[in-house]
Amino acid sequence: MARVVRGTPRTPLEIVDGLAKLGVATVHEAQGRIGLLDVRLRPIFPAMIAGNALTCEVAPGDNWMIHVAVEQAQPGDILVVTPTSPCDDGYLGDLLAESLMAHGVRGLVIDAGVRDVATLTEMGFPVWAKTIGAQGTVKETVANVQTPIVIANQAVRPGDVIVADIDGVVVVRREDAAEVLKKAQEREANEAGKRQRLATKELGLDIYNMREKLAAKGLVYEDYQGE
Amino acid sequence: MARVVRGTPRTPLEIVDGLAKLGVATVHEAQGRIGLLDVRLRPIFPAMIAGNALTCEVAPGDNWMIHVAVEQAQPGDILVVTPTSPCDDGYLGDLLAESLMAHGVRGLVIDAGVRDVATLTEMGFPVWAKTIGAQGTVKETVANVQTPIVIANQAVRPGDVIVADIDGVVVVRREDAAEVLKKAQEREANEAGKRQRLATKELGLDIYNMREKLAAKGLVYEDYQGE
Amino acid sequence: MARVVRGTPRTPLEIVDGLAKLGVATVHEAQGRIGLLDVRLRPIFPAMIAGNALTCEVAPGDNWMIHVAVEQAQPGDILVVTPTSPCDDGYLGDLLAESLMAHGVRGLVIDAGVRDVATLTEMGFPVWAKTIGAQGTVKETVANVQTPIVIANQAVRPGDVIVADIDGVVVVRREDAAEVLKKAQEREANEAGKRQRLATKELGLDIYNMREKLAAKGLVYEDYQGE
Amino acid sequence: MARVVRGTPRTPLEIVDGLAKLGVATVHEAQGRIGLLDVRLRPIFPAMIAGNALTCEVAPGDNWMIHVAVEQAQPGDILVVTPTSPCDDGYLGDLLAESLMAHGVRGLVIDAGVRDVATLTEMGFPVWAKTIGAQGTVKETVANVQTPIVIANQAVRPGDVIVADIDGVVVVRREDAAEVLKKAQEREANEAGKRQRLATKELGLDIYNMREKLAAKGLVYEDYQGE
Amino acid sequence: MARVVRGTPRTPLEIVDGLAKLGVATVHEAQGRIGLLDVRLRPIFPAMIAGNALTCEVAPGDNWMIHVAVEQAQPGDILVVTPTSPCDDGYLGDLLAESLMAHGVRGLVIDAGVRDVATLTEMGFPVWAKTIGAQGTVKETVANVQTPIVIANQAVRPGDVIVADIDGVVVVRREDAAEVLKKAQEREANEAGKRQRLATKELGLDIYNMREKLAAKGLVYEDYQGE
Amino acid sequence: MARVVRGTPRTPLEIVDGLAKLGVATVHEAQGRIGLLDVRLRPIFPAMIAGNALTCEVAPGDNWMIHVAVEQAQPGDILVVTPTSPCDDGYLGDLLAESLMAHGVRGLVIDAGVRDVATLTEMGFPVWAKTIGAQGTVKETVANVQTPIVIANQAVRPGDVIVADIDGVVVVRREDAAEVLKKAQEREANEAGKRQRLATKELGLDIYNMREKLAAKGLVYEDYQGE
């Protein structure tokens, strides 16, 4: 009953690459604060990438479907792996990373473990994972590749854009990607100006006109009486 | 009902700066092994600082009061933020860090999340946080600034000294700070001598005269019989 | 009732040093995917070592027995410390590390906390620990040294080989060490060839002849229909 | 940008009620072991229900949208609440439960906290929650009601069937519900026969013809030699 | 340096007993949503009590000071125990419970473990604990009794009122107790009326006049278009 | 390479049954506070049993070996199951429980999940587990049965005695069982007398002569000065 879906849509790489430059926090804000994967996914070394989601389900303790997924990879993809129930095993090491890099895959997002982390770091293959662990896996159970999945509490479809950096991982729906890129670029431009004003000791309280609203909500100022 | 308290006491910076040089483990020992914040607070990059606590409560998912706190900052402060219930959201990013640095704040201790970690690292703004996460926050709910708080299972008052390094975060009560500094300096001097003796293979068992007490507690030495 | 066992066996250092070069993931695979300590044990800085287990039990919040263990150390040992109930305290700092290094101990594996991490890093004393924390410990309760223990869900006996790197920590039984070394070296040689083939875009599906077995388990390929 | 969607489809109650009788484990198996919500969701008292998902997003520490959701409720619904970032606050107590029961809602599934648990138990209002906690919430931030959501790592749409009992919570897609009901009923009939055979000491090894396959995978039987 | 403070103030029992009847959620709301202990503290059986805090610090794995605390107990107290660093050991069993009950202590709140839970339940001695665990403790290290402490992220002083039920544990400062009792009673009376209206299917949206504010925040209603 | 060991030793049932009556806390104390399994293992309903360990390893997400273990069961056994890497899946439901009961197995201790908990409770089949969860498992990977294992951080061999009640699970080595039973019975007799004295308000401080030792360790008594 498991299936591999071929010919799934992808987001154009010029959009993907634009999102990569803006980073997770800006993209997440620009699309209305949605799509952030659970914070348990952390990078094994600092990196900032974006790519088309190549989705892959795996059974607990079983990395067979990652081999299947490699064949579906296209340059610019990020492999996105979710176990069908929680698992900390090391699903991928240097061999599979080599294979993925050979096919143009930009990195891995996995809600489970990875191993050979020293070698992956030397190779420059970026990974966001739940754990680092050397426990090996078997190849016995089939599961879906390139179907819609849920990973780390977010829905991801093939060809949705994955943006990942040291702040975490965010997914942008492929139909929203162009619009989100535009909004994120605007947001970044706007923030640069704000940051300059703040650097001169101007207060957010004044820049954003917060004082009246704070008072209305009941905030009061007192002098210290000892405590 | 929320309030901002102005004119709270601070510990003199010459004491604060003395404590910064000694580090968390030594200060913690010197004051009788109290005041250590929960180990879930970790630095986003290695740093070693001390400062006057500028305390700030925030609602879950709401960073409004950090803007209010900035106005109360003085050079040498460390912003200490505790959510009123547990939250992993990214309460602070590069804009607020810029603003805090402009006002002389030395760093942030927060029992919640931060984001823009790559930029914070470039800026050299040290943060001890529970999580790294890009999830944005709203500005709807008021809470207290510069009042006594509990953070990561320790009580902290405005102007208590916060010492933070790669080992974690410790709080020193402002009335104890001068005394703790003195004891910590003595402790450090004493430890240097000990370390030299240990480096020459002298045993702690002998330096601290432990053998008799160990025997009295029932420790016995046996030869290996196979097992 | 606590005891220190003297004269326990050790694995010859030429075997130990051979295992150190191969790393945790390869050794773990070579011995049939057994012996991996729980992934909660993480290095305080990247390192890759192997050594003879010098085992030590400690009471929660009590590091007395580490002082006792130092006297039993021999060059090439790794100190392996397990608390008798879970604890996050900082059991070891720079003084004990100095003492252990003076006796030729190569590193520490502890299912609890350590402190003085900045200094330990400068000293180059590698540690795998559950937590980093400055909380000090007392010296009141005796426990066993150089007896069989369980740490992080694995059984370890004195003189078993501990291999530790950024992927985690694995234990090899002393009677299996020579054989495991041989198998691990063979495995590594074999993997180098595989990696080269994968680098040229050859697929694991073909190298390992997986296609037929996948089909037999019910994996089907479909074309995208929209979803 | 938040929206409430009216007129969403629902699964017929005769199907829903059929699923309720079969329970989570059987339904989960019958649909191919998919759809199980994370095991962190636990019942506040033993109960076994099914209903149409009435989906509701909430901000952390903010239960406003539950009030909005009540108006969309129909008899036979189960309210399914997911916070936009993790939160342990008590989002619902006896008042909202009274309101939901008045509108025919059969229970609550929430990836956050509830309170007034003693009263909810007296009222017989079943809840599956991540935590029990009295922390109150505010009413400041809008979010979506009756849109597709992800909760506890599963995708749920309005009108999908939620089945919940002491084993946890499973979601059945509305288009699959009739088929899953049929398969689950067949499975249950089949299991009754199996259980009878097992009760007479017949072995699963024989009933399922496992011996040959076990041997082929390398399982060997040995006599005890001491260990 | 550890001390036992005698003659600490207590809150009059008529106030304490009034608070016991109202329960945690109501008291917590009445005092402005402060004082709730971390949700990790759970009852070993359903109970609803209030009492004067009898505070006690303990070292990890060491229950000595509970014996010291018993002597300070007065009828109407609740023993409140916090470890100086996190610990899951079973600090108290049936003997200490017997002793506490003999001195009129109403229950135990402990941010650690308890054991003999079956017997404690038979005895009717209510406990809120972090864990249930049989691990025994030693009697080697002194700590403070009847001093201000922090437990489960809240500050508690001797004679503050502890209210505990199935929803958790809340602390009321002794100087606020009378006022909080009054507000909590008013709140309860008010809630009874609300609950009656909700039971007749009246909506919270209307009772609390939420519709306009929701629209102002941007909530829109749509008809289902398929999704 | 997986094996099933036949003819492993068992502890005589009169010893096992004696230990069952004394419970986990008493047995744990009587054998010197060793052998307690991690507190994450909790009963699905209150029960108090003891039995001979029938050990079983399982792969993550794979319950095949439980079927193999059933055949090795003898009346008075407790099945003890440890996954080779952490897993929360529901390894056992009503069918396997029926089969185990038919072979005289008294209960299950598993460092993973179980399902069909409502039925298991009706059947009166006691289980201590890490999680409750309905996620099904496959039958693909072989592992060891009746070999020494580590479970929940304790070493257990076939025929060691498992004692389990609401306080948790403890293992007694088969060669120690008779002696531990004797000591535990003595301990219980001794405790009954202590409990009677405590019930009459006699203090532990006096019964155990603690006052002098407390003073020697630096405990002081003070009168309250306000704080």
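Should a chain be cited, it is by its letter among A, B, C, D, E and F, assigned in written order, with residues numbered from 1 in that chain.
By our rule, contacts are C-beta pairs under 8 Å (C-beta built on N, C-alpha and C of every residue); 3 or more make two chains touch, one makes a residue touch a chain.
Quantities reported herein were computed from a predicted structural model and do not represent experimental measurements.
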Set of chains whose contacts include both chain F and chain D: A, E
Rounded Å distance between chain B and chain D, as computed from the means of their C-alpha atoms: 42
Mean-CA-position distance for chain F and chain C (Å): 28
Geometric centre distance via CA averages, chain E-chain D, whole Å: 30
Two or more partner chains touched - positions in chain B: 1, 33, 36, 84-86, 88, 133, 135, 140-141, 148
Touch-based graph of the chains, sorted into line, ring, star, complete or other: other
All chain pairs that touch each other: A-B, A-C, A-D, A-F, B-C, B-D, B-E, C-E, C-F, D-E, D-F, E-F
List of chain F residues in touch with chain C within their complex: 1, 32-34, 36, 38, 84-86, 148, 150, 152-155
Touching residues on chain D, where the partner in the complex is chain B: 59-62, 84-89, 133, 135, 138, 140-141
Parts of chain B lying in touch with chain A, wherever the complex brings them together: 1-9, 64, 67-68, 70-71, 88, 90, 93-96, 98-99, 101-103, 113, 115-118, 131-136, 139-142, 146-148, 157-158
Chain D residues within the chain F interface of the complex: 23-25, 28-29, 33, 36, 39, 42, 46, 48, 165-168, 170, 191, 194-195, 198-201, 203-205, 208, 210, 214, 217-224, 227
